[in-house]
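I'd like to ask you about the structure that follows.
Letters A, B and C name the chains as they come in the text, with residue numbers starting at 1 for each one.
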Amino acid sequence: MASHRVLPGFRLSLSYAIAYLSVLVLIPLAACLTKASSLTTSQFVAAVWSAQARSAYLVTFGSSAVAGVIDTVLGLLLAWVFVRYDFPFKRLLDSLIDLPFALPTAVAGLVYSSLYSQNGWLGQFLVPAGIKLAYSQAAIVFVLVFIGLPFVVRTVQPVLESIDADIEEAAACLGANRWQTFTRILLPSLYPALTTGFALTFARAIGEYGSVVFVSANIPFETQIAPHLIVQKLEDFKYAEASAVAVVLLVASFAMLIVINALERRSEAANSSAN
Amino acid sequence: MHAVPKHIAPLVPVVHSHGRSAQEDPAWIRWLLISSAMATLVLLVIVPVVYVFCAAFSNGAVAYWETLTGDSDTLHAILLTLFVAPISVIANVIFGIAAAWTITRFRFPGRTLLTTIIDLPFAVSPVVAGLMFVLLFNQRDGYFGPLLKMGNIQVLHAWPAIVLATTFVTLPFVARELIPVMEAIGADEEIAAISLGANSWQMFWRVTVPNIKWGLLYGVILCNARAMGEFGAVYVVSGHRTGKTETMPIRVNTLFEGATAATYSSALAVASLLTLLALVTLFVKIALEHKTQEDLRQAAKSQEVE
Amino acid sequence: MSIVVKNLSKQFGSFKALDNVSLEAQSGALLALLGPSGSGKTTLLRIIAGLESADQGQVMYADEDVTQQSPKDRQVGFVFQHYALFRHMTVYENVAFGMRVRKKSNAEIKSRVNELLHLVRLEGLNQRYPSQLSGGQRQRVALARALAVQPRILLLDEPFGALDAKVRQELRQWLRQLHDEIHLTTVFVTHDQEEAFEVADRVVVMRSGHIEQSGTPQEVFDHPATPFVMDFLGNVNVFHGRVENGMAMMGALNIAYPEYPHAESRQATAYVRPHELDIERIPFGASSLEVRVLQLNPAGSVAKVRVFSEQFGVALNVDLNLERYAELRLHPGDLVYVAARRVRVFMPGTQDYEI
């Protein structure tokens, strides 16, 4: 059963890990599901499918999808530039891409809301021009783009690096121009990584709360996101309803998690079998 | 921070675009792409960071210092963060080592499931995470509510809930860092130690720990950054009571909502501290990445020789 | 179409990959670039293909100067060492790629791809992906893909390097046959002299960025132009010594050497191939040498015998045919006599002399 039973600590470490995960993850998750299931079907539907909830999903999933697409494009651009070209301060700039991982989301929200407000560094130019980003859906998309920026870059970069120069040379010898080589050879090899990156960005974005509270005015039917709706229901002590909405979010994120795992396994298999 | 595959440079330096004409792009495309990439980085990342510090120090360093230290509620928030984060980090380090040891050194049914469960907190919205602990510990109808009432223990709206929520959100970091490192290093050295008569304790401290130390430290750094910066989950479980259960990120929010010029510059001051934390994390991360890659490379090399 | 290379030089940093190399491959020739790694053979091939640009010199296809053309415009077939198949495309799409980017009609593509897959004997595999093929099959897909664009010349980089011995043997013969069928001017790079001699009709031996010798396999093997070629083409026994007054004094090996009648003594090196040494039980000839048998290895098409001269402290390798080996009935420790049927003497800075 175990390959290295010579090594000690199997039972101890396994039981500790299981106990820890149970207390911190499994029991709380079960509590959430139990609470949601304490509602009758019609109550559940009323909670998760009210007009306000539907609008919150639309804002959440809509902005997350848009941010995901933008991040996919920007991520591909950044990955390409950092893998293929040389320029000053490359290493430093490359590590700055990870800043959104390290920066607390509240700071991101605060900064973005300040930058785009009427007196902000960028807002002073944008607001007179009629572009009011602060407290709009566009602002939500904007912070989500920031939060998710590193995902696509970091999934595409190693794949791009591993592509053999031979492949491009082969395409050139066969008469393909640079654009044909990119669209027909390079891009298809990057699809799995791009999809994984998009899925990671999207999954992160649908749960994001900290940065969004700063830039969205939390107006139901306009800029209220699903996590916000949960907080609101909690503050009204409507625990069961909050749980019901949470279940919707959980299902969406778990689905993304499964998709991501499947994608990663597929691209690993593809990488290991082909030469 | 999230379940992102860490970027490991190829073992053999790849020759890019130097004389391999088929890989070279025309100069105008190169410059167009580089400048768009730089514009993206500047607008999205660099301007915000620069802005935080400029805005925080706009009234001078003295004013900055007074804003931070003159407000007892802000001080309390800083201290609470410094109290909570280490507890979560230590808990997750112990768990991370146990989980990585189990997963990389043994084959058993449910191994994949265990790996997946470790990743779950990444997929759970922080707000939902907070909600789960509210459901368990609230005194109205929480599942453990009666128990807590009996013992007269305050979990929700107090530091224990903040610790729990923070630990949940940062749970995967150390394990996720250690698993690939330990997988790459392999069990040979540990088996050798045992066969030479070392006991478990000696094997762990003399063989395992020295091998994984950089990866472990890397996990700790990431875990700590996220623990100090966590907002959503803490917001929900803490009740965000000023001077009592506010951590630094929550304090930023409270001050921001204060909506006066004074509270606003205080918010920026606290935010600048958190930004500094992020920058330090990044720099340590760069240094450690180099070290862990070196470890992995050496592991790869020693396996090649076999 | 002939290939002419004139005065090519290429430098990578401080490393001189090619140093003023000139070369011609006749139309329809099958030419091997042979040399150790770092000899510049792959760089030369890549410059001929346009994958690398030369610092100096010219590449011509027949009368056309292609030096400034990109690989895309040169219409060459290039087979990469590791095949460089497009892994997300089927065999069919890989072969079709060159025609697709040239906007050929589907009907034309279909008939050409099928024709090529027939030629490389891969019919029925057209919907497979590269990962589902064996090494030899991948190699043939790479070849079909290169041929699909009706290249003017065919270039192969270590075409059999990544294959195991048996498949390699089969593919060598097959490539030779294929070349006889399609008569495309072909250049391939190899570090394996056996492969070069078996497949090519001309061999170019390269060393540190220049050409040491070129000629037919027979010419190169029988008349190596330099000690390097001698050494590179196989196992040799090397003797260091001097020449003077029409004699070569190589320690264990003293022979008449009329090509150097001068009194002034000069350093020289003598080379003898193992199969050019004879063993006898009794002293024979003018210069036979007393040696002791060290090791015997009769497994294979020749018997390999290792002997040691106690007088001069040198060990020699001798290849005997199996009949002769059986006749001699050698045992380790036996005292026997060896003499060379053929010796090549090289003096630094001069052409070789042969006895």
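Everything that follows uses one rule, which is that a residue touches a chain if its C-beta (ideal position, glycine included) is under 8 Å from a C-beta of that chain, and two chains touch if they have at least 3 such contacts.
This is a predicted model, so every value here is computed, not measured.
> Based on mean C-alpha positions, I'd like to know which chain lies farthest from chain B.
Between chain B and the rest, the longest centre separation is with C.
> If you tally C-beta pairs in contact for every chain pair, which pair wins? Let me know.
Chains joined by the most C-beta contact pairs: A-B.
> Measure off the straight-line distance from the CA centroid of chain B to the CA centroid of chain C, and report it in whole Å.
Measuring from centre to centre gives 57 Å for this pair.
> Between chain A and chain B, what distance separates the C-alpha centroids? Give it in angstrom.
That pair's centroid distance is 16 Å.
> Could you say which residues in chain B touch two or more other chains, in rising order?
20-22
> On chain C, where are the residues touching two or more other chains?
51, 70-71
> Listing for chain A: what residues touch at least two other chains?
Expected reply: 169, 171-173.
> Inside the complex, what are the residues of chain A that reach chain C?
Where chain A meets chain C, its residues are 164, 166-167, 169-177, 180, 184-185, 188-189, 270, 273-275.
> What residues on chain B touch chain A, complex-wise?
1-10, 14-17, 20-23, 25-26, 30, 33-34, 36-38, 40-41, 44-49, 51-52, 55, 91, 94-95, 97-99, 101-102, 105-109, 114, 116-129, 131-136, 138, 140-141, 143, 164, 167-168, 171, 187, 190-191, 194-195, 200, 203-204, 222, 225, 228-232, 235-236, 248-250, 252-253, 256, 267-268, 271, 274-275, 277-279, 281-282, 285-286
> Looking at the complex, which residues from chain A come into contact with chain B?
1-10, 12-14, 16-18, 20-21, 24-29, 31-32, 34-35, 74, 77-78, 80-85, 87, 91, 93, 95-108, 110-115, 121-122, 145-146, 149-151, 154-155, 157-158, 161-162, 165, 168-169, 171-173, 178, 181, 200, 203-204, 206-210, 213-214, 227, 230-231, 234, 237, 239, 242-243, 246, 249-250, 253-254, 256-257, 260-261, 264
> Where on chain C is chain A touching in the complex?
Residues 49, 51, 70-72, 74-78, 80-89, 97-98, 100-102, 129-131, 138, 145-146, 148-149 of chain C touch chain A in their complex.
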